[in-house]
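Once you scroll down, you'll see the structures, which are given as structure tokens.
In the two complexes that follow, chain A is the common piece, with chain B as its partner first and chain C second.
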Partner chain A sequence: MDRDRRPRLAVWKFASCDGCQLSLLDCEDELLTLAGAVEIANFPEASSAVLEGPYDLSLVEGSITTAHDAERILKVRQQSRHLVTIGACATSGGIQALRNFADVNDFVAAVYASPHYISTLATSTPISAHVTVDYELHGCPINKEQLIELISAFLAGRKPAIAAHSVCIECKQRGTVCVMVQGQPCLGPVTHAGCGAICPAYRRGCYGCYGPMETPNMAALGREWRTLGASPRDIRRALQTFNAAAEPFRKESEAHAD
Partner chain B sequence: MPTKTINVDYLARVEGEGALDIEITGDAVTSAQLRIFEPPRFFEAFLRGRGYAETPDIVARICGICPIAYQMSVVHAIEDAFGTKVDGQLRALRRLIYCGEWIESHALHVVMLHAPDFLGLPDAIRMARDHGDLVRSALALKKAGNDIMRLLGGREIHPVNVKPGGFHRVPSRAELQTLVERLENARNIATDLVRWVATFPFPDLERDYEFVALRHENEYPLNEGRLVSSCDIDIDIADYESEFEERHVPHSTALHSLLKRRGAYLVGPLARYALNFDRLPSTVQALAEEVGLDRICRNPFKSIVVRAIEILFACEEALRIITAYEPPAEAAVPLVPRAGTGFGCTEAPRGICWHRYEFAEDGTIARARIVPPTSQNQPSIEADLAVVAGSLLDQPDEVIRARCEQTIRNYDPCISCSTHFLKLTVHRS
Partner chain C sequence: MSEDCRNRAMSQNVSEPATTSSDGTALPVRAAAAVISRDGLQALIDALAADHCVLGPTVRDGAIVYDEIAKLSQLPAGWTDNQDAGRYRLERRADDALFGFAVGPESWKRFLHPPVETLWTARRDNDGFSIEAPSVTRRKFAFIGVRACEIHAMAIQDKVFLAGAYADPGYGSRRRDAFIVAVNCAEAGGTCFCVSMGTGPQAESGFDLALTELHDGSRHDFLVEVGSDEGASLLSRLPQRRADDADLEAAAAVIAQTRSQMGRTLDTDGIKDLLQTNANHPRWDDVAARCLTCGNCTMVCPTCFCTTVEDHSDLAGATAERVRKWDSCFTLDFSYLHGGSVRQSGSARYRQWITHKLASWIDQFGTSGCVGCGRCITWCPVGIDITEEAAAIRAHPTSGGQHGGT
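What follows is the complex of A and B.
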């Protein structure tokens, strides 16, 4: 195979837990095939061989929380033909965006003895707040089958076949009895599909780690949760997790004051 | 004196982001600093005001590589605070999912991140050209760990099934049986892996570490035990703060943990193995002896052999648990929240992961403190680097750089977890 003609893949990390890029290494059955189809040009977590840009496809994990990273993402964009964000941190700011609801200085003081050593921004923001993003893959963590589909689609120059409906559809496909009907609050009706509706299959409500679906009916969900006995605090907590700063979740969470 | 600088802009094959500065004056290393500037994410701060029941999902996000470690430490801390004990098959299932994480995480590190160092290669993909069957079988081994995580946890990364008191749903016997064949195969691969990595060329280095690990009365430690050291420590996990302290140093967003009386200490595979060799199954002990691994190993480069040994242990332990499994009547024991403080300390693949939480009466977290393994090992990593760089001063910068990176990888550092980016700078004057 002519190595120079293979598309060049890069993987970048910003503020995150590493779980989404680990999803690529968790593709145990596909990894060697993938490494044949693309040139892994920049993936420091997996390889010390780092090649200069430009790159055909950049996968970006993590959110922007420092001034340095706000600069760095601009350079990543400049070197990337396609830039795809992977995971809740990159697409919505992640759990670290809980600082957006508080005073970050209180957060620093709560964790560090010498707060003046720490340099951080007041907010955690998604990559799309800083540069143009060609596609967003949701999830905390992303689903590895979707990741393979996404890479294959970009290599073939087609749109990824990734559903935009809610987790509810996945429960129906899986044959899982609705947990909400059994009295358990669930974020499935407003949450983006992709995980395969794991939580209801494990007898718990969805906790929204794939973030809001397109045009979710948040107010109806809030009312349903109240009917099931959830307190305003319960609703706030449930929506303020891994996609807390995603607009529909943020807005609805703030609508439930004590 | 002339100044000489060696740079590595991004230390590869570690989980996270950090940098290394080494300063050499004349014939001495005057400073070796592992700089961690992974952006802080403030978990301990935003955990305040959260409910106890949501913590396993939240703390998992500290680390995509070892979410079970965080979930296990927090559920033990919650049960400690609320005065509940989880026993029997639920306890066994917790060990089983932890075995899954150990197999997955150790196999990732041993084969994909660390072994290339010993072969002078940049990554496992390149390694697959000469050692194709080996890399493929190692991926099957890693997958067997992930299969446990997926079955018991719902997914490999950030599993959804762990809850305070037990699980949301427990598997049937038949479901667990589906893992047996894959784990038996994994056990054979792990045995071959131990034999293979034991043949690597190891730099000659012995360090006088104080090892710190959990020790249980009859098990190789995963979830529970007393906190012991190779020196004189033998304490309840609740007394951690009487012996250990965290310091905030300017060059790191991870706090440094130190022994109050003696400074740097070592957690992880070398420490667990040295302090718990007698708790390993005889088959695993026999293999360690066969490949010439001493009962106490002080050579940090040989941690790769100990990790492979621990993969074999985890495969055997998983099979033992599955064979003895009877589904419990309830998936979780009920908890009644109360005000109080709880402690959890479990053995993450990289070493002890210690948690303390203060709860309000309704089970809301008032304060949280989490001490991950990598921040505990950071002072030992820096001490190793000073010794390693010091022994290579007559060597070209390329050699020093490669060996220093390898030295850091000996620890399988999880910098994301300790708060991540490694940049190596060597200043010579």
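What follows is the complex of A and C.
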């Protein structure tokens, strides 16, 4: 790569709510610096001026839910030197992966007046199920500070300082008293760090927005939730949210039948 | 704090913990002890606040935590903690004791060895780059209510951070400047086992002043013992009276009662060899089936000292910084060598933690790494109990096996 040329950034959207790419626009204090450090070549949410590829860094938001998108992601990969997925949809299939647990035609029939207009796949799958992904940034939504860290690391050619351990370690870093030991079911011990342990700081159990941590012991957590009084339905519903199709969450949720 | 006091504090704090009495009873308190009232305790806090950040126990988020205090009313009067494996509940006491609880969720470690610390910042300039030390606001800490186990934990961390050729200057200055007001425990928690570890419940050294709360229907005041010149100097400025035999006996009775109330026991006889020769014990897989590998035990442990270092650079490539954060031997990154983590399984990681804590710590630092505070038991979300795991290994030791799998 020409050392004087700014790396070219592209931001892509698949099945998603746009919240994660909006995190990039939320980086208000850093936006001008970012625009100086990279060439924002393809970011339709920010600018209608779309430049052709190839791109040095592609940020991919959203999951694959249509045959059209399953084709499109291949083309994105072909044009991208580095491909990073951002957010729960892109990394695990997102909330829309609840379809994976039922018949998508039933949902379509229940929601749309003319279901025959809808062309969709039976499942919502993460980008990594379709193409090689160089790095995954977790969260629903992602943490904008981690996004800046990711891009800064990319620009410096270093590894992002982003931990894959439990949320518990973030709770302890900020001095939050453990809500689970005080009797409240919490997904923190099996959930990937990154949010800064927001919910326990407000005396609520973790919702698992960042998906499974590096070595989640789901069965042990499930047993403890039962001990704390959670019903099988409570456990299933807690695990079947934004990261429902992440394999450890999916498997444990299905182990708790009524 | 004068330079003399600084030197004094250093030599005192780094010294070996005093031995406990061999017959298991509380040692007699020193001569020249004094008695102060609750007003006297407020006067102590006021005097310390003049040039210290005063920290003590207070109720927050359903727990008794260490935080900044200014008034006696912020202490957890009439509260106690009901602790068991994986369980902590704040409960009302029948009286209004100020220190009628065991230990809280986190130790003084978070002040002396903070969870996140910037080590340096680098800025690009015309000549290349320059490195700046972090701007440090030197706040001298005064800790009110330090338990005997916690004093031993500080002495253990002193060996880690201050002994040898590469002392940690930040820790050193915070530690030297800290004024320590110990409190002899009047209540053992359900997960306490300091008696097994020889670290409590009586504070015997390593403090500036030590309090024993004397509280019955007829009185509510504090026996004060002096542990340093600075402590003596401060005590001399407080309203007080000289302790008499009845005060000393009352204090000894408090400590003797706490000693008899330990919620847990740990048999330390030959524990180094026991753990180091049972690396392939089936119990490791048993505990791994329960262990969340979340790292909570290491975070709440007052002696666990491991950190990781993160390097950050900004978008413009103009500044960079190196940040040190608490790490845990339960994360994969902790044992990441070229190609991957060498402790992939929960079995390997739990075994590493307990074997280091109770056995190889002795090889490394000359003492156990455990002070029997019970935090790892209470604050484990699934209630894994270090005393129970050690006992299980002891009950059915396997022969040989110094090297286990990953």
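In this text, the second predicted complex is superposed on the first by the 254 of 258 C-alpha atoms of A that agree within 3 Å, B and C clash if a C-alpha of one lies under 4 Å from a C-alpha of the other, contacts with A are read in each partner's own complex, and residues count from 1 in each chain.
In the analysis below, a contact is a pair of C-beta atoms (placed from the backbone, for glycine too) under 8 Å apart; a residue touches a chain by one contact, two chains touch by 3 or more.
Only a predicted model underlies this, so the values are computations on that prediction, with no experimental measurement involved.
J.: Look at where chain B and chain C land on chain A after superposing the complexes, then choose clash or fit.
T.: Chain B and chain C fit side by side in the superposed model.
J.: Return first, second, both or neither, reflecting whether A:D29 touches chain B, chain C, both chains, or no partner chain.
T.: The answer is first: A:D29 touches chain B but not chain C.
J.: Let me test your reading of the model: by the given contact rule, A:A15 touches which partner, first (chain B), second (chain C), both or neither?
T.: The answer is first: A:A15 touches chain B but not chain C.
J.: Have a look at where A:R203 lands relative to chain B and chain C in the superposition and call it first, second, both or neither.
T.: In the superposed model, A:R203 contacts both chain B and chain C.
J.: After superposition on the shared chain, which partner residues are touched by A:A46: those of chain B (first), chain C (second), both, or neither?
T.: After superposing on A, A:A46 lies in contact with chain B but is clear of chain C.
J.: In the combined three-chain superposition, what is the angle centred on chain A between chain B and chain C, taking C-alpha centres, to the nearest 10 degrees?
T.: In the superposed model, the angle at chain A is 110 degrees.
J.: When the two structures are overlaid on chain A, which partner does A:L221 contact: first (chain B), second (chain C), both, or neither?
T.: second
J.: First (chain B), second (chain C), both or neither: which does A:K172 touch?
T.: In the superposition, A:K172 contacts chain C only.
J.: Determine, for the superposed model, which of the two partners chain B and chain C contacts more residues of chain A.
T.: Here the partner covering more residues of chain A is B.
J.: Once the shared chain is lined up, is A:R158 touching chain B (first), chain C (second), both, or neither of them?
T.: Second partner only, chain C.
J.: Aligned on chain A, what is the least Cα gap between chain B and chain C? Give it in whole Å.
T.: 11
J.: List the residues of chain A that touch chain B in one complex and chain C in the other.
T.: Common interface on chain A, chain B vs chain C: 203.
J.: State the interface residues of chain A toward chain B in the complex, per the touch definition above.
T.: Checking each residue of chain A against chain B gives 13-23, 25-26, 28-29, 31-32, 35, 40, 44-50, 65-66, 69, 94-96, 98-99, 102, 104, 106-108, 110-114, 117-118, 120, 140-141, 144, 195, 198-199, 201-204, 207, 209, 237-238, 241-242.
J.: Which positions of chain A touch chain C when the two form their complex?
T.: 30, 33-34, 36-37, 148-149, 151-153, 155-156, 158, 161, 163-166, 168-169, 172-178, 180-183, 186, 188-190, 203, 213-217, 219-221, 223-224
J.: For chain B, which residues count as touching chain A in their complex?
T.: Touch residues, chain B against chain A: 10-17, 38-46, 48, 50-51, 54, 57-58, 61-65, 67, 104, 108, 112-113, 116, 122-126, 128, 135-136, 139-140, 142-143, 146, 154-158, 160-161, 163, 168-169, 246-250, 253, 255, 331, 405, 414, 416-417, 420-421.
J.: Applying the document's contact rule, which stretches of chain C touch chain A when the two form their complex?
T.: Going by the criterion above, the answer is residues 60-63, 65, 86-89, 105-106, 110, 115-116, 289-296, 299-300, 310-317, 323, 325-326, 328, 330-333, 346, 378-382.
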